[in-house]
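By written order: A, B, C and D. Residues from 1 in each chain.
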Amino acid sequence: MKHENKKILYIVIAILVIFGVLYGLYSYAGQEAFIRTTLSGLTLGSLFFLVAAGLTLIFGLMDVLNFAHGSMFMLGAYAGWQFYTNPTFIFGVLPLVLAFVAGIMVIPLIKPELVRLKLSDSWQKRLPKLLYLAGLIVGVLAVLKFDIAGLAETAMVAIVTTSTGALAELSPQEPLLRFMWRPVLLFISGALVAAGVSKPGDRAEITAPEPLKNRLVLPIILLVLTILFTFVRESASELVLLMNGNLRFALAVIVATLFGFLLGALIEITMIRPLYIRPFFIVLMTLGLSFVLRELVQVLWDPLAYQMVRPPLFAQPGRASTIAEWLANGSSTISIAGVTFPTYRLFVILLGVVMFIFVTLLMTKSRLGMIIRAGVQDPQMVEALGINVKRVFTIVFALGVALAALGGIGAAPFLPVQPMMGDQYQMQGFITVVIGGMGSYVGAFAGAMILGMARAFGDYFALKLQLSPTIAEASTVIIMIIVLLLRPQGLFGKKD
Amino acid sequence: MKNIWKKDKGFVIFVALAFAFPFIFSLLGQTSLTEGTNKFWQGQLINFFIMAVFAMSYDLLIGYAGMLSFGHAASFGGGAYTVALLLEHVAPDILKSYQIFIGSTNITEIVILIVCFLAAILVSILIGLLFSASAMRVKGAYFAMLTLALATALNLLARATDFVEWTGADEGMHGVPVPLWINPTQNRLTFYFIALAFLVLAYILMKRIVSSPTGRVIQATRENEDRARMIGYNPVTYRTLAFVIASVFAGLAGGFYALWTTSASPSMTSGVTTVNVLIMTILGGMGTLVGPLLGAGIMQIFSQFLYTWFGARWPLVFGIIFVLIVMFLPYGIVGTWRLQGFKIKQGWQRLLELTKTKETPEK
Amino acid sequence: MTNENILEAQNLRKSFGGLVAVDDVSIQIAKGSMHAIIGPNGAGKTTLFNLLSGIMAPEDGKIFYKGENITNVAPQRRAHMGIGRSFQITNIFPNLTVLENIRLGAQAIGKDNFRFLTLAEAYPGYVEKAMAVIEMVGLQGKEGMLARNLAHGEKRKLELGIMLSTEPELLLFDEPTAGMSSEQVPELIEIINKVVRAYNRTAILVEHRMDMVMSVSDRITIMALGRLLAEGSPQEIAHNPQVQAAYLGDLYGELG
Amino acid sequence: MTELTNTNEYLLSVQSIDTFIGQFHILEGVSVNVAKGSITVLLGRNGAGKTTTLKTVMGLTPPRDGKVIFDGQEIQGKRAFNIANLGIGYVPENRAIFRALTVLENLKLAERNKGDLERHADFIYDLFPDLERLSKLKGNQLSGGQQQMLAVARALVPENKLLLIDEPSEGLAPILIQQMMEAIRKLKDTTTILLVEQNFIMASQLAERYVIIDDGKSVHSGLMSDLVLNQELIHQYLGASIQAPISASEA
């Protein structure tokens, strides 16, 4: 067919252009500079991909452009960094967060009963507001005089000590007896908010409840965890800090990703979901949210930049000549075709590639992927097949945020950890998505790699031509404009 | 002018109050017109006037044309940098060689200022066209993203060390030589009235524009682009027009802001600036013009108090307020007020009708 | 190309994925006539309309308007050339008043679109024209209402009014009575008939219902499965058994 | 209007529902009853509210008023996925098959329990032999007729008590309409069907009962065999002169 031929022709031209550009760069820069720059480009590309993949998944399915994605990248970095350097803060607030989330998660438990209530119209409107207010008051009471800033400060003390090798100085926490009523109150506060969210008396919301057993599972798990962490909140930090550094780092990655997933789910349920009928305001909401998150981090950890210590596997001075040697010695650099390159960056490239494979498998092989691909086109029909699309939306949003958080912790060991660190990556993520095509994860990967390479070579040329690196950064916008003019829907995007 | 009094009593009263403010303040507090707290509050209001124009220009974009641009700070910063650059690097040379006086007025300085603002208009038109050319093919979230990317690129240029001799890179330009007669530190009262005049003029112009034939078409493209096309309007032309007009007003506001702060810094072109103006617009109510003005005023005064209450981290509180407004008060203060007013009116009408039906059987 | 034909389409083709919505369609519309295109759901009528009004570009084929090739002319240009179109789904400016909706149409073909600093009301010509149209479609007394607050039937009239306000020579009606109750239909048909006959305009009418077009149209074209099946005067069509079969289902032959 | 004797006799009983879409009051008191094991057809002009009636039953456009009783249970106001999981299959107008998914994936997605497709594969491929052959193709590579078959097949993957089918003959060539009719006729043995059909001939051949919807109200219902004889009614509400085909089909 004519159309197919054209497609093949375009692909051939694209491959030729890519090779042409790469060969041109190779012959201009010489082998060593070329390889080093390429590796740097791939590192950047991997991080861009982690940001853009989440953005594009969320946008593709829900038409939601998450302007807080960069802040979530940043939060991932902070969460991982905290866990790795001094988890006192995390363990200190975990029981509180868990208690509140457990409270929120009673929704499926109480909603079926609440919506059946017989309420007058005015009470139907008033009751949720009163419940929210009551929840807020109880919540404020619960955290009254809780020295959260002090808790956060301990982390900063700890950096100094852990980097010299000694065990971190752990901050004294509130005595258990005084602390205990906080989670209890927060659970009540969460439950009150949940009751408000459940639209009491709104008979249009009546649905067949799931079996009681299923409804109880999640709140009970969360409650058990709350109690557990209430008791271990002091000893757990020590336990973590005495672990092997590499294991601790692996755990930090998992913690950051999980944190991103939960944060994403929470945000989708409480803030995005009520606004699907007013899409314009979702954008404003996420924008406001990014503002709030950034400021919150500054309140907790001050507007400073921290340097996360690299895990032992990447920390020993010296250059390994083979991968085996690196793994044995934990060298900080490795020689690749005669070029010295930091090993941690190789790990980041690996992370990006692994996550690309993961996303590809998820989208093509899993049922969730099938639902997402179908939901992009027609969420109503997916719902009519008996699939809870709202839940899928939540999962996808959470997944997208988890990917961003993973990117954040991945970047933390070689970028300064600071409140604005996500902004630049969000920007590049946007550009990536525009280049690759909205909603296409393959496009996100291709776009991320193109952009990463462009940035790396841009920096290289900037250095050579004695320009500032900011010029190279700005030049990615030009790539975006060129792609837009040639192919408004992006490289892998589909026309409407 | 009669029209404005008829339709916009609130605005006229506001202008009258703003005009009388320094005098009333000095009468009440027995303070000097040009010093102390009076001067401080004049400064606050000047800032408010300028930001109000910026916010109203943003309202033209998102409220009237329905384009959610996240790059509006580019025009604002563009105007600021144009004025600051010309005053800092071009004006001194000219003033050294030419000085024309009429009486005691230095004509050259006035001409230079006018040229500065004409240049700012030109630059903001160019920025508007650049943005339109690259972003006009796409809509909604895509558009928001693209404008943000373009604005970020400009922000990066402002911060680039390559032009440090001219722009001061990250530091920006400070102590720009603003002519004495309009200088906000020495002659604040004059500046106050000029800024007020700027606000009034900008408001009247924008009000005219949104109710002009072109303005109506712009609103039509917001409402239903396909339909507008089918009756013979090219939506791209009108959207571009709206973008450029909004850009010009933002550029002028930026120019004034540069005069007021005697500086131009990269933060004026940054996303935070756009977010600030967005908050003002949403707070007051989109598509109302008066709303953003009110929003700018509230933000100006609020930030003062929030700063004293919460210290340097006051934006956190502001951010939370913003999120709450988006959730629960999406039409902003003026929008919600108008809706409520509408409801109250309808309620009155119902009440009147009820009394009527009760009366008729008695007849 | 004869002068009598105001519009002529040649071998139009348009497909979506695996679906061929319009397949090799050629059609001539005589000047001053009321030409109906009917056919069952999914026959490709609306797609044909989208091609004629320029919303979609054909994959193949040409369109001539008054002898001029307009295949690649943008829809807004076609509006200025005198082609107006109404939509199947009500397509109005919901947050503007009824008067403003129609005034915008009148203004579109005028020369005052690029005036920034005068009030729109300062051009009474357009308002007068709009008021005339409002009267024509029977929306008197509703000028000040927001369009979204109108009843469904009134919205259909407004839809019609917006199109008429641009004074088109060729009117494309896409199921103008869609979703209207049976009592409201004759009124609207009467308006359409009046406009076309009294001002000597040409109209193409896509309809789903056969009885509605029989009485008013001069010529009828039957479409099914993206193709033209037959064309003729209402009488010819009414007595064409092949047409009956295609329109109502080609089953009785095999099942009977 | 049919008198409601005992709602339990009906698998589906729609009782004077009111539905709004945005500002539009689309349905103003529509009542439809579907007896177990029967085919009921909704007739009426374009835009009369037939499709909205199906969507309202399905929970895609929830009613503001009125009741929908399915299998003895009130389902109005429930979310669509809940309603689907009670055992209602939906074949929307315009097919709405997933273009980015292969034929097999389209069917797989409709599974409610693991193995649904395997259990019913023979039955489905027996009805629509083409689908087995095309199983690797993407939805957007199918022709209109194949898409329509896939859309019906998709509703057969899980165990459904009721099928809502919206215009299965739309845009199909006569030979395909024939095939589709055969398929629906075969389905009748196992499930109950509520059908929307423009093609009067097809409707009259398949359905036992009809409900006419006009301007958002259900104005008439009864036995199909009575309707085909009532020229006046047909002309008034369906707006087509159909003498020739009717007499032919009656023969």
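As a working rule, contacts are C-beta pairs under 8 Å (C-beta built on N, C-alpha and C of every residue); 3 or more make two chains touch, one makes a residue touch a chain.
Only a predicted model underlies this, so the values are computations on that prediction, with no experimental measurement involved.
Under the touch definition stated at the top, chain A and chain B share no contacting partner at all. In terms of Cα centroid distance from the overall Cα mean, chain A ranks first. Most remote chain with respect to chain A, judged by CA-atom centres, is C. Chain C and chain D have Cα centroids lying 31 Å from one another.
In this assembly, the C-alpha centroid of chain A lies 44 Å from the C-alpha centroid of chain D.
Averaged C-alpha coordinates put the centre of chain A at 51 Å from the centre of chain C. For chain B, the set of residues touching two or more other chains is empty.
Multi-chain contact residues, meaning those touching two or more other chains, do not occur anywhere in chain A.
Interchain contacts close the chains into one ring where each touches exactly two others, per the touch definition above.
The complete set of chain-chain contacts reads A-B, A-D, B-C, C-D. Residue ranges of chain A in contact with chain D, taken from their complex: 203-208, 367, 370-371, 373-374, 376-378, 380-390. The part of chain D that touches chain C in the complex is made up of residues 23-25, 45-48, 93-94, 99, 139-144, 146-147, 167, 169-174, 177-178, 181, 198-202, 205, 214-215, 235-237, 239-242, 244-245, 248-249, 251.
Chain A contributes residues 59, 63-65, 67, 271, 274-275, 278-281, 283-285, 287-289, 291-292, 295-296, 298-299, 423, 427, 430-431, 433-434, 438, 467-468, 470-471, 473-474, 477-478, 480-481, 484-485, 488 to its touches with chain B in the complex.
On the side of chain B, the complex with chain C involves touching residues 205, 208-209, 211-217, 219-220, 223-224, 226-234, 245. By the touch criterion given at the top, residues 53, 55, 74-77, 79-80, 84-85, 87, 91-96, 100, 103-105, 107-109, 112-121, 123, 162-163, 165-166 of chain C touch chain B in their complex.
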